[in-house]
Each structure stands twice: as C-alpha cells, then as structure tokens.
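The structure is given below, and queries will be raised subsequently.
The first chain written gets the first letter, and so on, giving A, B and C; residue counts start at 1 in each chain.
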Amino acid sequence: MDLSAINPLLFVAGFLVAATPLIFAALGELVVEKSGVLNLGVEGMMIIGAICGFATAVETGSPLLGFAAAAVGGAALSLLFAFLTQITLANQVASGLALTLFGLGFSALLGQSYVGVKPPRLAEVNFGPLHDIPVLGPILFSHDIILYLGFAMVVAVWAMLKFTRAGLILRAVGESHDAAHALGYKVVRIRTLAIMFGGACAGLGGAYISLIRVPQWTEGMTAGVGWIALALVVFASWKPWRLLLGAYLFGGITQLQLNLQGAGVAIPVEYLAMSPYIITILVLVVLSADKSAAPASLGRNFHASS
Amino acid sequence: MKLSTLLASAALALGLAGGAYADAHGKTKVGFVFVGPVGDGGWTYEHNQGRLAVEAEFGDKVETVFVESVAEGPDSERVMTQMALDGADLIFTTSFGYMDPTINVAAKFPDVKFEHATGYKRADNVSTYSARFYEGRAIQGHIAGKMTKSNIIGYIGSFPIPEVIRGINSAYIHAKKVNPDVEFKIVWAYTWFDPAKEADAAKVLIEQGADVVLQHTDSTAPQAAAQEAGNVITFGQASDMAQYAPMPRVSSIIDDWAPYYIARTKAVMDGTWTSTDTWDGIGPGMVGIGEISDAVPADVKEEALALKASIADGSYHPFTGPLKKQDGSDFLAEGETADDGTLAGMNFYVEGITGDIPN
Amino acid sequence: MIRLEKRPQASQAFSWAAPLLAVIATMFFGGLLFAVLGKDPITSIMTIFWEPLFGDFAFYYRPQLLIKGAPLVLIAIGLSLGFKAGIWNIGAEGQYIMGAIFGAATGLAFYPTESFLIFPLMVLSGALGGLLWAMIPAILKVKFGTNEILVSLMLVYVAEQFLASMALGLLKNPEGFGFPGSRNLQQYASAHNAELIAGSGMHWGVVAALIAVIFAYVLLARHQLGFAIRVTGEAPRAAKFSGVNPTRLVLFCMGMSGLLAGLAGMFEVAGPAGQITIDFNVGYGFTAIIVAFLGRLHPIGILLAGCLMALTYIGGDIAQSQLGLPAAAIQVFQGMLLFYLLAFDLFTNYRLRVGRTEVA
C-alpha cells in the first residue's frame, strides 16, 4: 500500500470533471421536479444529447456547436415526454421509462456512422497567471468552459428559484397546480418549459461525456449516469447547493475507490465498487430528517377541469 | 414427445433443416449471436467485421444473419434455436456466457454446426475457438518496460477472470525482463462497459505516476486521457484505435476473427467441418499487432518485432520458465512452457506483482 | 375548438379499444421507420407480431412467450400493489438478483445430494432474499422517512456488484476451470426448475406468475388490505381517517414486491438461465415497471401487458435475424409502442369535445 501515490490536487480536479455530467443532468431534473413533474427519462435524453453533440462537433469541427446541438437534441426529445404527460395526461413514471428506452435505441440508430471517430477537443479556458497559483490553480483554473458553465448554472438555478418571480411561479405550480391554475398561471405551458429545460440540461450532460470525459461515441455509453442523476435530485432534497455537494460526493467516492485500488489498498474491490451507492444511502438516511423539500404535486397530472 | 425430437421433426418436415435448405438454395447460411451492439467499437464490432469478411469472401454463396445485444441465458438459447430453425448451417456464438445454451441447442440440431467463442465445452457439432491475446500482451509488456520512465505501468482490468489475469501476467513477465524495476498498478473496473469509468481509471493511474497504461477494456477513453496527459503511452485494444497514433497509442492488439470465420465457413461448404478446439495466436493471424508507431525508438521496435516473429513461428512461448507464482511457489521450471490447461484457468499472479486478485 | 373533457366515469369500451388503437398506430409509424431503414414495412411488422404467434415455428415461440413473460408479470404484480398505494419500489432488479443468489446458493449448498426437499427450500430462500433486500428501503422509510425510490434504486447497483462477486467467488463452479459463473442448476435434478410438461414452456415460475395474478386480483377486489392500498393511493388523508396503518402498508407493499421479484429471480436461475453469472440480470426489474403501468396496475392488464412485451422481444429478435434490422430499431419500435399505449389511454378517462361547451 502506498497512499502517498494519491495526489490530492489531481484527485480533486479529477472528481470535478467526473461530477459535471451529473450536475447538468440532475440540475435539469431538479427544475422539472420543482414544477411538479417526475421525468424518469433522463438517461434517454442524456444519450441523445451525447450523440447529437458528438455528431455535430465532428461534422462542424466545433465542440461548442456540439454542445448547443446536444441541448437542442435533449430538449427536442423531452418535448415528446411533455406531449405525453401534459397533453395526453399519460402516467409520468411509465412515460419517462419509455423515453429512456426510445432514447437509447434512437441514439444508436443516429450514431451508426460515428463509431471509432475521434471528436475535436475543447481547449481549457486560459486563465493566464491564475493557472499557476499553487493548490487552487490546478484544482480550479485548469478546466474547459463547459465545466464552469455547469457551476454557473447551479448558481443561476438557485438564484432563479429563490429570488425571481419565475422561480416563485415554478414552485407554485409544483406545490399545487390547482391553486396556481386558479391564480391564472398556465400550468401546462410552465411545466412544458421546465421539461424542455430539463431535456436541454440532460443533453449537455450527455455531450460532456461523449465530447470531453471519454471522448468517443459508443452505443449506450452513458451507462446509467442518468439514473444516478435522478437519485441525486432526491438526495439533494431539491436544493441546488446540496445537489452540487451530492454530485461531488458521488464523483469523489468513485474516484477515491479507483485511487485506493491504484495505491494497492487491500480492500475487496467489489465492495469498494459498491461503496458510492452505499454511502449515498447512508447520507440519505442522515438527511431524511428534512421533509420539507419534495414538491407536493410531484408526479401528479394536471387537467384544467379536474 | 420430447422437445428436441419435436423440433427436429418439425424442421425436417418443413424441409428447412440445415443441409436440406443449403442444398436447395445453394447458399450456406451462417448465423452470428452477438453479446453487445455491433457499434460497441470493441469485442462485438470485431466479430461483426469477421462476419462481413465472410460475406466479402463468398459473395452470393453465403448468407449471413446476426442478432446483436443478446443477453446470456434463455434469450441466447432462443436466438440460437431460431437461427437453426430458420435454416442456418453454421452458428457462431461469440460470448463465454453462451456456453451452456450453445451445448443445449446443438443437442437439438445435430445437423447444424456450432462454434462457441472462448468456452471449453465441445460436442460432435460444437467447436470452440479463442485467441491467444496473451501473446500480444507479451509484446506490449516488452515495449512498456522499455519505454517507461517512471517505472510504473498502469493496467485497467474488467473482471478478475483467467483471460484478464493471463494478460496481466504476460505483460508483467516481459516488462520485468527488460526492466527489473518495473511496477504494475492494477485497477479493476468491475464492468465490461462503462467508458466514463474507464476514463476515470486511466486518469487515476496517470495521476499516480503511471506513464504507460494498458487496458483490458474496449473503449478509447484511456487513450484520450493519456493524450491529454501528454507523455503517457497506450496500446489499442480489440481494434487498432489508429486515430490515437502515433502518440499516445504506440501499437495495438487487434482481434481478427476473419481468417477463422472464413475457414470454418469454407469447411461447412466443403463438408469437411469437424469439431475442433482452436486457440490461435499471432501466427495464424487471429491476434493482430497494430503498426508500432514512430514514438517507439527504432531499437525497441526492432526487438518487439523480433519477439512477435519468434512467438508467431512458435520458437518462443510467452510463458517460459523459470517462473514463480506470486506466493513464491514454483510455476514453471527452467525452459518449461505453460500448458494450455494451466493458461486457460489461470487464477494467480506471477511473482513480483503486488496486490491480490479480488476474491 | 377542440378540448378535453373528463368523462364522468372511465369508458369501458375505450379501456379495451385504446391498446388496440395504440398497436395499430405503432404498426403504422413503426412500419414507416422500418421503411426509412430500407426494410419492407409489412414484412417487418408481420415478423414481429405474427411470426412468434402463428408463423411456421410458432410451436417453439409460443412457449418462449411464457418463459420471457413470466418474470415480467410476477415482478410487475408485486410492484403494482405498491404503486397503487403511492409506494415506489423501483429497485425490483436488485431484489430479483438477490432472490436468484439466495435461491441458487441454497441449492448449491446441497450439491450433489438429491432430495425432493431441495427445490422447495430454494423457493423459500429465493423469496426471502428478495424480501430482505426490499425490507432495507422499507424499514429506512418507516424509521427515518428516507425516500424509497432512491434507496431501492441504489440497492440495484449494490446487488449487481454483489452478483459479480458471487459469480467470481463464492458460487463459482469448482469444476469450471477458473471461469466465472456457478454450476448449472439445469444439470442438478433436485434444484432444476424444469418444464412441467416438456416443450410447453410451463415452469414453476409461470405457475407462480398466474397464482400471483389471481392473488392480486382477489386481494384488491375483496380484501381489507386491498381496500387500504387503493384508498391510500387515491386519497391519503381519507386513508388515515379510515384507520389505515401506513407503516404496515409500506412494509407489506415493499415486502410483497420484493418477495415476488425474489421468486422471479430464483425461478429464472433454477430454470431457463441455469446459473449465476456476472450478467445474470437482464433488466426484467425495470421492464416490469413499464409492464405494471401498461397494465394500468390491474392484475389482468399486467398479464396482458407482460405477454405483449414478451412478444415484442421475441418478435424483435426474429426480425433482427431474418431481416437484418438493428437491435436499436427494435428498441425504438418498443419505445413507440409504449408511447402510443400511454397516449391513447387518455381516451379512457377523457373525451374530445368540439366547440365551446363550457367556459374554462
């Protein structure tokens, strides 16, 4: 065993990257759930984002255009969910699962000609002298623009929910759609917009995997990140800051177990591999004293005459 | 009536049983059962390339069919049965987990030939085949041992099964031979497929000082991680991954099933097919060594090619004694080579590798 | 102007017609998709829906429908009880895995002794494995109010790692030359969940699924507990006043769904699958969630939905091999089918009104 082999600076920088797809996808879902809608199709929207982003980046040579396309792709797929749950009032759990199935299949069809292709790289943001600050430099100032965007979005969503009228309306719709409707808010329209925002974020998260974290296109490459993102929203009890914390915790534990393996710590690997999930459960139990958080109308459909 | 007789008689009654169908149409039908999607860029992708090579070789005389992403267990048994019912003459089942289903289905269709990859159960109409990837690992180990400056070589394993352990041992033996100070850091991903986790594993190994990363997983994630780090070298796995040449990818192990698939299809056409156990390596071309790039010094490249040639012509075996096991007990005496049985079930590290195999 | 109006009560006619309409719509648009991919749409659709049921080899595929559908129905029935009461166990996949591990481990512990007692013991321990695994989220929920969706989902990943560890370690076949995977229970008579009538596809898991359907039907229609489940889901406050004990309800619903998922896993590993391997689980636990909702959480509906899902899987594989359709196209097709089924359900509870009949 040689724990000194683990470089704490690189370790922290590493899990910032690992957490970014989770942050995007979970943040989008948080907004969706705040509006009272449960969309279990995150994995499907992520993988669509992954291929839309990848294909666009390869064709245009611009990773940033790729990310834009990923957001559009994710949002477009989420419209399908919005139609099912908001217009035809279908069950949200089943619609979300169907969306995942559809997304996985459809992305594979779209991606047939992109297997084995190498995408253009997104450069790190040039912070000049900031990059050379000891400790903070390698941790904070050595990443790509999208990672910072993820962080900025957490702040933006937090501020939007807390301070703006739009946030207030969103929360009102999520708490009681009937009351919001009575006040004259367009429940269906607001929820549809929230769902599209969730789709766009999931798409960005997927593209972060296919364009930066891995980077390649392979069928089914999101490999369950969307499900973790869903769990993260509950874990964070619908609070953006806790979501950030949760994503770092989850990314951190995964990184830590790989680091420990590399350092030769003699813990059975399969139990190490389980550890992120078990620790998530434990933290959840500790946090579950806080019951104020879940939007009251979560998962329930709204129809104006009901 | 038992199901097997029912199936066989029904197939016969319909005139679709293997041989009859082939004769009637003059086409040999070859089925492939794949465990992943053909777009996985790795294991299944390469088997599908083999299938396409069969089509290219025989043209109109052959018809190939495949089903992808077939789960091991009852689903695979159903897909095999279905192919046999539809008149396949030869069926390749390309995952270890298809072993018992292949044997079960083969018993019901004695006229259909089956080829099971990486397994050990055979029957009159079931052959097994596998590739000696460890031969390629020996060459990787040699290059890695020569080129590492930090003397730390990272290795990403999927699951601790004999196939993977054999590869680790082979790479280690040959790295150690040219560089006695070399150390292996092994990380088990505990997944067959999770590119993001592979990327993480590669980054962790690089952060811990590895300047060579070997992988027993199929994604290009480790290549990209190495490229970003700059001074780290890697090897392509399953496919050539030439898009990452000349650095970080300095060479590769390529699964090349085409020659075998073509030969076996030909044997069915000629009526010369018999049940065999094939375990081919570099020599017959089942294991390909991708172009060694210019990032490797010329003398090292020359040695690597010489090693490849000696393995290919059989004059050198990668597991040649004297070798000890990790616990210090004797494995192979001076000049002794490991027999295939030992290699197939290898579940121990050789002396010098630190850490324990999980379980 | 077209607007939706809630029906005074659910339309019986539409609850039957909606699935049919959905299948027709899927055939049409799925056919379009296949045409875009360069395949003959009519042949493709026929291959998926007709071939397994009435094609040349239907004698083989029909029993396969039972084998593929039984675990789906068994798990979905258990899940539907909780879903009706607003208790969300989405970790059936993990409970399925644990049931299989417990069941197989029990059987293998006796190897090679032959006794008629072994199989019933395996059934019991399989059920116990699923039950225990489901009790973790259940107890955390009643003790600490922890969200059961998340805990049950996390436990799926834990169970998957545990499965890998078992397949590579404790349960590894000692005669397997070091390869992963347990002994094959199909070759161990006392532990084999064999077909009851050869070639029929009927194994104990199918029987259990049918019993579960009847059990759930009776429970929901006639029993006090069934009433408690329904009232909790529809009006949680009313449930409190009518004396429903929410703690017991959570424990019952989670426990029942875990137990049935565990049984499904045990019957699968002892029968069609035969052995514990790293990739033993193939997503039945998640697909069953879809099946439960497609069946509108009604036992008979779930039975039919399970058969329909099984049909698309089997037909899909045939279409892949006969027509060269990619697996992804089949997945998209299944997704479409689900979308239409869900969307057309609208007309069961609502109807379209043309014109301005009331002021919004």
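Some observations on this one:
Following the convention adopted for this analysis, a residue touches a chain if its C-beta (ideal position, glycine included) is under 8 Å from a C-beta of that chain, and two chains touch if they have at least 3 such contacts.
Given the structure is predicted, the values throughout are model-derived calculations rather than measurements.
Leaving out chain B only, the rest of the assembly stays one piece through touching. Chain centre most remote from that of chain A: B (centre = mean of CA atoms). Centroid to centroid, with C-alpha atoms defining each point, chain A and chain C lie 28 Å apart. Chain A and chain B have centres, each the mean of its CA atoms, that are 35 Å apart.
Contact with two or more other chains is made by residues 161, 164-165, 168, 326-328 of chain C.
The set of chain A residues touching two or more other chains comprises 108, 112, 219, 224, 268, 270, 273. Counting partner chains per residue, chain B has residues 37, 160, 190, 358-359 touching two or more of them.
Of all residues in chain A, only 5-7, 10-11, 14, 18, 21, 108, 111-112, 115-118, 209, 213-216, 218-225, 254-255, 258-259, 261-264, 266, 268-270, 273 touch chain B in the complex they form. Of all residues in chain A, only 80, 83-84, 88-91, 93-95, 97-99, 101-109, 112, 219, 224, 227, 230-231, 234-235, 268, 270-271, 273-274, 277-278, 280-281, 284-285, 288-289, 291, 303-306 touch chain C in the complex they form. Against chain C, in their complex, chain B makes its touches with residues 1-3, 6-7, 10, 14, 16, 31, 37-38, 65-75, 77-79, 81-83, 85-86, 96-97, 100, 104, 120, 159-162, 190, 192, 341, 344-347, 358-359.
Residue ranges of chain C in contact with chain B, taken from their complex: 56-57, 59-61, 64, 67-68, 161, 164-165, 168-169, 177-181, 184, 186, 198-199, 268, 272-275, 277-280, 282, 313-314, 317-318, 320-322, 324, 326-328.
Chain C contributes residues 4-6, 37, 83, 88, 140, 144-147, 149-151, 153-155, 157-158, 161-162, 164-165, 168, 286, 289-290, 293-294, 326-336, 338-339, 342-346, 349-350, 358, 360 to its touches with chain A in the complex.
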